[in-house]
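Consider the two complexes below, in which chain A is the common component and chain B and chain C are the respective partners.
Moving on to the complex of A and B:
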């Protein structure tokens, strides 16, 4: 009843309230029918996540006054699953939206709900669904809650496997945009063939081959008084995955027809993207080399929007995603308008007993990534530019060379040494002035003090002559198995040229975990910056306050 | 056999779909000349609020879009450029760049209410359409489509402005008259603001990488203040009869640093429940 009242308070959500109760009724009906038929009645499972923060204004760090004082984002998933039938929904509440997330999420309601029926070779979903074709360069509907991204499709999806090894997918729908849907319709087909499953003569072969292809088209009405715009914009891709023993090779090429949009400054050029990756692995050693060329591949179901809204496709980043706080200061955001990216990753395990491995062994991980512009020649017309496919542009967007050495000294003591050398072109990545060169070093120690108590420390340092200068961060964390942890850190901008800006961003936090429930309480100052996942970023404003988060599942 | 037929049907459908789902555009890429508003009836004007700031590198593109729309729709576009948020905060630099504060109480009130700058600049509102939906705050590339959706609509209200300006006292008396051309229901508010054109000052421009600091950027349609507060006065409420009239004079003393030859009075009437602007008008003070 509580949910019902809340939903009705929000305009535009009446239909979602109705769908919510229809779904509940269907689940109840299914359960009773299946119970009567002595068929397994299925199971209901779900989870909840609540993130709340109390904000203090802090002019020192430009943390704004938040009139509501406290804001919260909450999500609750409920899923029903039986042999042939699945149903689910997610109730979301943003009262009001946490700082740093798009304020247009404000409100409560159910934007994600689905019914799925699957039997034999067919699976049909009605309602909301996430989907990805290949690596996502043509279609990826996904949720990344930390970034405020949810571009779920609302419509129908059909999956059909006529023969083992061959799968077709078809989707049609509109993408979610906050508590509404984008104006465009997305239609797509995908086919994937696993030769080793499809052909009996290949089933025992050492070489594994999977090929696939997809086509996606979006429709958006052209009501623009200035431009003649394509209402149907098609995009397709072909892909191959090869594996032979220790070597694997993956590649996908995607193409998009003319798609003038806000993001590409309304040029009528076609777009393309090529992703190639080769890996060699055997126990104790691994090498991956990847390359990607992107040219005008921003693809959205609304040509006028910006940011992370209504993206139909996803262009994977080749850069390493770091977790240490100072290492995340300069994250790379994929540039869909054009980039030439390359990366190499190598790991090696020095065996216990070897000269460098010592008694307990040692792991070495090397990673290098570099992203430049593509080479372009301006055409001074609506096509925008021409570009030589293989030529690398002169502008460096990002470069990251990092080394990680993990050394176990005893069964109870381990150290991780990390070094990063980063070049960050803020002009391109954030549209603000600055090209920064940073050196970052981290020493992490993990000490199992007793069977139940462990201590983890981090000492991080960032050195740069640009931006806000040098930073230092010590961190200490104690975990008391199996329920509690407590940690404290002090992120200190001691190298800032402006004395008043030599700020300590300190923080303390504690967490409690029991069964499927995890709670965390934190207090501290957070610096403004970028938060990125997989090359997609959102701006996080500075804040000062108490935050509380809870997650649970059933 | 059955499977083979199914696969063939599926591939056939995909082929048809592929063939039909692409629109290749060849030159010309732009629409023909706009026919202009129907002058035989009172047409609805389009209020475009451009939320901007002098250190916002992409904001000049929004200003260009506003120019383009004015070149298409002429005086049917009623523009206001509001400097808001940290992008409009004065800065201290040796060359005195970006040291002016062009933020206004009214602009900040609107931004706090509509949360445009939280979405990021530049963004704007077109006649405050779609309030309460995710389409309310519009990127500048959405302004043209939104404008087109209003441009051919007849107005529900006729709005006129008569200005008298005393050059020695710098007092403006602006008399605003409204006449409801159709009967309406609801509460309608009138807001009257002052804009100033052709202010030459610094602006960051991100068309280059790194962004250029333009010293002599021409800031147009800049919101400078309000004659009747941020949310205005009620002109009619309840069941409003066709022909309902409302008139009131407002005064405003022009600060000495405002160029009176570049100042305009902008008046607009909006529905207090939906914020939708049903009519707007502007007139120079001299």
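Moving on to the complex of A and C:
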């Protein structure tokens, strides 16, 4: 029975793919006809990315055994563009998928392909597409390849701009899930009005106002033998963006009707999320303050899945995304079930010639974020809990105070000083015991030795009494403009309580870049950890080996 | 067992049709060697919408740089350009357009960040990477040079110190109306 089903599925997919190519060919023909009429015939462009790794066994760092020895992820995009038609596809190959990605990425195929026609005020897309309404709190179809996230919608999208300043979007589709689609149907509508473009009398006003709203509904059949689950779940939001000279104010409020799911433990409670942010900025200075309250806002097109799968919405984390390796040890991941978050950030440019700026100027960036639980009272009924909207919960999820100072000493020499103070609740973020408190310091130097040769060094240190103790990492990189770089690092867990675990994770890498082609070859040990982009994370296992990556754009 | 026998067959067919379609399309595009900017909606710092087809520098070169507040080499690139920007502008009239691919997590930081660096570039936000996809940009930084006719004549991925010099050589060629050597 299972085999039969699979054959049917495969042939169905094949038909789809073939019909898609027939359409593509039709466009090509039209294109050549257009060319004869001296209308711009369009062009094909795309890019390719291949990441391969050879894995050495290394039981000391707990690297999992890789029977294939070598794994590779490959992607190639081909996009055709002409004045009114766009078409494209992405061929993906996971043979087999790299360690740290979801193993359900298996095999090769085309899961992203689209045809778009646009003329005047209308744009129609058939096939796969990415989309975001507002800040994405209700709907965001996006890809984050480094995390293996791709929840592109497969269906139709229509964009319509009847008058300047007013835009409508409508979408319907199913979400991609590896080489298949999620079971639920997603339908959405969004409208956005820019008053300054829409009203002639407002076009010159100093105050800019953009308002928007959207409604999204998902359908998934209730096949549960016990619970009566809502099959259609609606979610909507309103947003405003105000700007007056140096001051701006942004806010979005989203609401979702009850949506029992595996991730919220099948409670019948409504969900909501409020995001507010205010900014003051002028040349040389910037200040931004944000707050966010999230309550039961997991929204997926399959109520049984967890992790990063089939999310319809995107709940941005308010924490800073760090780039130094030791600063990325304790990254925060948004908690859609509930969080109270606040953040503030300050930027200042000390101009050259000022007292603190010295001859060549100095930059300061101060950032603080704190995330707690929401305050909840269990109700012992199907709604799960009640929650006071304005009350902050007692549990600390995450806190980060950091400062970054960039000082230029001469035309050739620059230093960046960074300090972070982090509290990380591993229990909440990763589901494992532990609340860690870490202090991290980084000194980076950049020295332009000649017009073409530059040396960059980093000295990073992480201090903590918990987890695996202290870490130290020196890094050195030489670049030979315009084409080459080489770098080496040694990440050393010298503070580990267990002597055997005081491991050196060292690595070397070299890269070559020419115009739109980049190649990189690395050898080294990688520590197990969380790899995050935008508050969404994936766990990466430890590894030891050689990796090669190539990207090219054409 | 039948499923296993079917599978490779299916992949091969799919691959053939894929290659075929590409050859067809490629043959159609032989007519056109140049490439214009795709038209995509972006957000301004004010929050209003702007279409990339309105990008214009009165016949002078434009440099479009994809960056993000979390991308260190991107910031180094824009810093390095900015140190020379006023000279470059005087000599070639070049305009730099910085496209932030920060998503809604970090997009609010863009305006204060840019001011904190003192940059005077035109900055726009590509919140869900639509323009990035249309330009086939993988990991940032990636820069594109646009000539007087609006054609994309050069692109460069990544940044190391000193790359800005090569970039400026290209800008000077384009400003003088010369072709960029294909061998480069």
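To be clear about the criterion, the second predicted complex is superposed on the first by the 532 of 554 C-alpha atoms of A that agree within 3 Å, B and C clash if a C-alpha of one lies under 4 Å from a C-alpha of the other, contacts with A are read in each partner's own complex, and residues count from 1 in each chain.
Note that a contact is a pair of C-beta atoms (placed from the backbone, for glycine too) under 8 Å apart; a residue touches a chain by one contact, two chains touch by 3 or more.
Please read these numbers as outputs of a predicted model, since none were measured by experiment.
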Just chain B (first), just chain C (second), both, or neither: which does A:178 touch? first
Return first, second, both or neither, reflecting whether A:347 touches chain B, chain C, both chains, or no partner chain. second
Quick check for you: in the superposed arrangement, does A:245 touch first (chain B), second (chain C), both or neither? neither
Chain C versus chain B, contacts on chain A by residue: C
Let me test your reading of the model: by the given contact rule, A:266 touches which partner, first (chain B), second (chain C), both or neither? first
Under the stated touch criterion, which partner chain does A:305 make contact with: chain B (first), chain C (second), both, or neither? first
Intersection of chain A interface sets (partners chain B, chain C): 11
Using the touch definition up top, name the residues of chain C that touch chain A in the complex. 1-3, 6-7, 10-11, 13-14, 17-18, 20-22, 24-29, 31-35, 38-39, 46-49, 69-72, 76, 103-106, 108-109, 111-118, 120, 127-130, 133-134, 136-139, 142, 154-158, 160-163, 165-166, 184
Note: in the complex, chain A contacts chain B through residues 11-12, 62, 102-104, 160, 162-163, 166, 168, 177-180, 187, 189, 191, 215, 217, 219, 223-234, 236, 257-258, 260-262, 266, 268, 303-307, 382, 395, 427-428, 431-435
Residues on chain B engaged by chain A in the complex (per definition of touch): 3, 6-7, 10, 14, 17-18, 20-25, 27-31, 34, 57-58, 68, 72, 86, 115, 118-120, 132-142, 144-145, 147-149, 151, 206, 209-211
Chain C partner contacts - residues on chain A that touch it in the complex: 3, 6-7, 10-11, 13-14, 17-18, 21, 24-25, 27-28, 31-32, 35, 40-47, 49, 77-81, 86-87, 89, 91, 107-110, 118, 130-132, 135-136, 140, 142-143, 167, 192, 194, 196-197, 208, 210, 241, 243, 248, 250, 277, 279-288, 290, 314, 316-318, 321, 323, 345-349, 351, 361, 363-365, 446, 448, 451-454, 456, 479-482, 485, 511, 513, 515-518, 534-535, 551, 553-554
